[in-house]
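Look for chain A in each of the two complexes below; its partner is chain B in the first and chain C in the second.
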Partner chain A sequence: MESLTVLKEILVTKFDVEESLITPDATFESMDLDSLSQVELGTTLRKRLGVRITDAELQAVETLADIQRLLTTEH
Partner chain B sequence: MYAALTHITTHLPSRVETNADLCTRMDTTDEWIVTRTGIAQRHLAAPGESTADLAVAAMTAFAAERPGTRVDTLVLATTSPDRTCPATAPEVAARVGLGGIAGYDITSACSGDLYGLATAVGLVDAGIARRVALVTSETFSYFVDPADRTTAPLFGDAATVSLVERVRDPDDANLGPFDLGSDGAGLGLLEVPAGGARARALAGRGRPVAWESGSYLQMAGRPLFLEAVARMSASCRKLLADSGSSIDDIDGFVVHQANARIARALCEELDIPDGKALSNIRTVGNTLSSSIPLLLADSAAAGTTTPGDTLLLTAFGAGLSWGSCLLTWNPR
Partner chain C sequence: MAASVSVSGIGAVSPAGIGLAPLVGAVLAGRSLAAPDPTLRSCPVTVACRVPEFDPKALGVRRPALLDRYTQLALVAADEAMAAAGHSVTDRENARIAVVLGSGAGGTATFERQTLALAAGGADDLSPMVLPAGLLNMAAGQVAIRFGAMGPCLAPCTACASGATAIGLAKQLLERDEADVVLAGGAEAPVTPLYVAAFARMGALSPGARPPVEVCRPFDRARDGFVIGEGAGILVLERRDDILARGARPVADVAGYGASADASHVTAPHPQGRGAELAIGRALQDAGLAPGDVAYLNAHGTSTPVNDAVEARAVLAALGEGMPVSSTKGVLGHALGAASALEAIIAAVCTRDGWIPPTANLVDPDDACAGLDLVVGRPRRRPVAAAMSTSFGFGGQNAALLFTAA
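Entry: the complex of A and B
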């Protein structure tokens, strides 16, 4: 499954984010997610996609497009 | 000589603080707290009630449940002792008519029960003690800023007594192996700065300490979350490898009830299926060293845990400290 599709699925099923809110320029704040959600998302992405994103990288993330970029670059 | 955990008694103070109660004094909502922590309510010590008082209540309940049991050592695990000096355990022992027995405190925060169990097993195995009352007692609600919405909703007060006693048959020994760890490099992630020698040293000998500046818990939530999941998962993996077991051999996962999200992330990390992880955080919050025995007793009372179950216990807390052990649930 494409990484963006997995990211969307995780946000909807695990974090209860409304699908309409999941856009490239969406931020954690606009999706009503707190900072610990970033940490949880990092764990889930590692388990599901085998992608290791460091906490420093996650803290630098502003939008979902940033996460998508992290998923497509080598880790 | 062999040691077994044979009985757990719990005591929750009767006063309950709901999330709705918290909303009257801070900018928060029930949904905000439940979503972010999994906690809906917590029990709080009554006005004037201290850690020793809860411990005495738990020991009194224990004596009623196990009449005639002659305890020869009382180990008290607490993060909220009544005084810096002396330890709280001797007072508790004296007040329940056990004055004269060995009694001391251990301070390993939320890992206190696991460190206490390891200590109790060691005392019994070495022939130093025959019956150890491992008491956990916490009134940590006094140590959190009541106006801080990130920490005040988390903690509840509770006391428990776990009886660890000598058994003849090695097959009856039901605790172990253990894996314990600590890393003081992370002490600043979760600390109450005032109250000890460090604050006095900073103030200088003979000078008053500004207790109010550090008398409440300070918590760095995000790095703490990462450390909790990393340390407990590594500890559980090591324990399972050392004992030649796998997650499939575990009937119940008893994780310290700090935050439902940490427990979920840990289960995800360890591939623990839904339903194996026990939880009672919704009704009691984080009760620090009392968390694991309270969860064991609650799940046994609910029938979720039954005699013969193999349980994986794990905890993480301030220190940093962490630990894991296996327990075959076999109360008497």
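Entry: the complex of A and C
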């Protein structure tokens, strides 16, 4: 499955984020994901995609587009 | 004199389904809900009483994937209880709402899964939610968050008596005027490989040689262990006058609470049932009632050989001959800390509705029960002025609750 699809699916199923909120410029804040949820997201992405996103990289993330970039560059 | 405390609302999630109504229907029907559980295929015992078709998201639980199942069960029961009491979910913080929600196993499923993840993949694979989801006090914390409850928030653990202990402590909070509304009860989701295998290794679970629905048979001579269950039972408690003042109707009065310890053995009950007897006596004393006032005892009655025999003796000693007794674990299995809350709910509803549920599968009573009026077969319809529920936890921790008709 394409990494973007997986990211979207995790946000919807695990974190109950409304699909309409999942846009490239969405932030952790706009999706109501606290710092624990951000680490959980990183852990889940690594398990699902084998892509390692460090806690430092996560902290630098501002928008979903940033995460997408991390997922594609690490591939 | 302490203010009278009453139940203003009840919520239940049990192997009978979601809500108080299916719970009442199942215990009145008196048929075991035990079934083979697909998640226990690799366990030495594979029969359990699980909450059927539990969909937390559909039931209004937010982000259930970040919660342990025992917290999901608690939140659904809490919603029902608060709605039944006439309190709505609001965004307002309220310093006069308290939560006392006990559990024995807490988020054991979370810990079990994450321990495997840690062993297999190291710390990087460990979910950061393991403690926020798994800790024994998180159901209480989540219920407080849900209702903006900024009063005292406690998660008492007395193993299988946890829910009853919680209700007793809630009564005391209200008597001391430390809160106006208390969500009290227990929640448990221990149908997991670790808990089932651990109880099996202790010989506490029935090895299940019979068909699943015949395995759990409290007080029956052929009983050979309990059937593990799960669920959540929440009662909203308030001072009686407060309930009446806002035009609501109490379900039942929480007349008495008694606690004790066996101080004898970690798992086996006190050989003479002294701990159980003490708890029953203290609940009577707290209520200012005599043994003859009690119309029904909902027993701990786990269906283990030792518990039921010792409990029968303790009940005879504390409440005298002829006491109507049943164990609803024959129907529901044993939901550990939640069992004591679900059974307290049944006792409370008995006083409101006037019935006594039967014990499932009790056909050949143990000799130790001679002198007890065991209720079997069909429920008895009759006024129940006062009903007691007894609960005994590993560690020798005992609680008895006494409800009277409101």
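Quick note on the criterion: the second predicted complex is superposed on the first by the 74 of 75 C-alpha atoms of A that agree within 3 Å, B and C clash if a C-alpha of one lies under 4 Å from a C-alpha of the other, contacts with A are read in each partner's own complex, and residues count from 1 in each chain.
By our rule, a contact is a pair of C-beta atoms (placed from the backbone, for glycine too) under 8 Å apart; a residue touches a chain by one contact, two chains touch by 3 or more.
Because the structure is a prediction, the values reported are computed rather than measured.
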item	value
Which superposed partner A:V39 touches (first chain B, second chain C, both, neither)	both
Which of chain B and chain C A:T73 touches, first, second, both or neither	neither
Chain B versus chain C as contact partner of A:F15, first or second or both or neither	second
Partner chain in contact with A:T23 - chain B first, chain C second, else both or neither	neither
On chain A, positions contacted by chain B and by chain C	36, 39-40, 43, 47
Residue ranges of chain A touching chain B (in the complex, touch as defined)	34-36, 39-40, 43-44, 47, 55
Chain A residues within the chain C interface of the complex	13-16, 36-37, 39-40, 43, 46-47, 52
Interfacial residue positions of chain B with respect to chain A in the complex	36, 221-223, 225-226, 229, 261, 264-265, 268-269
Residues of chain C that touch chain A when the two form their complex	57, 62-63, 65-66, 124-129, 132
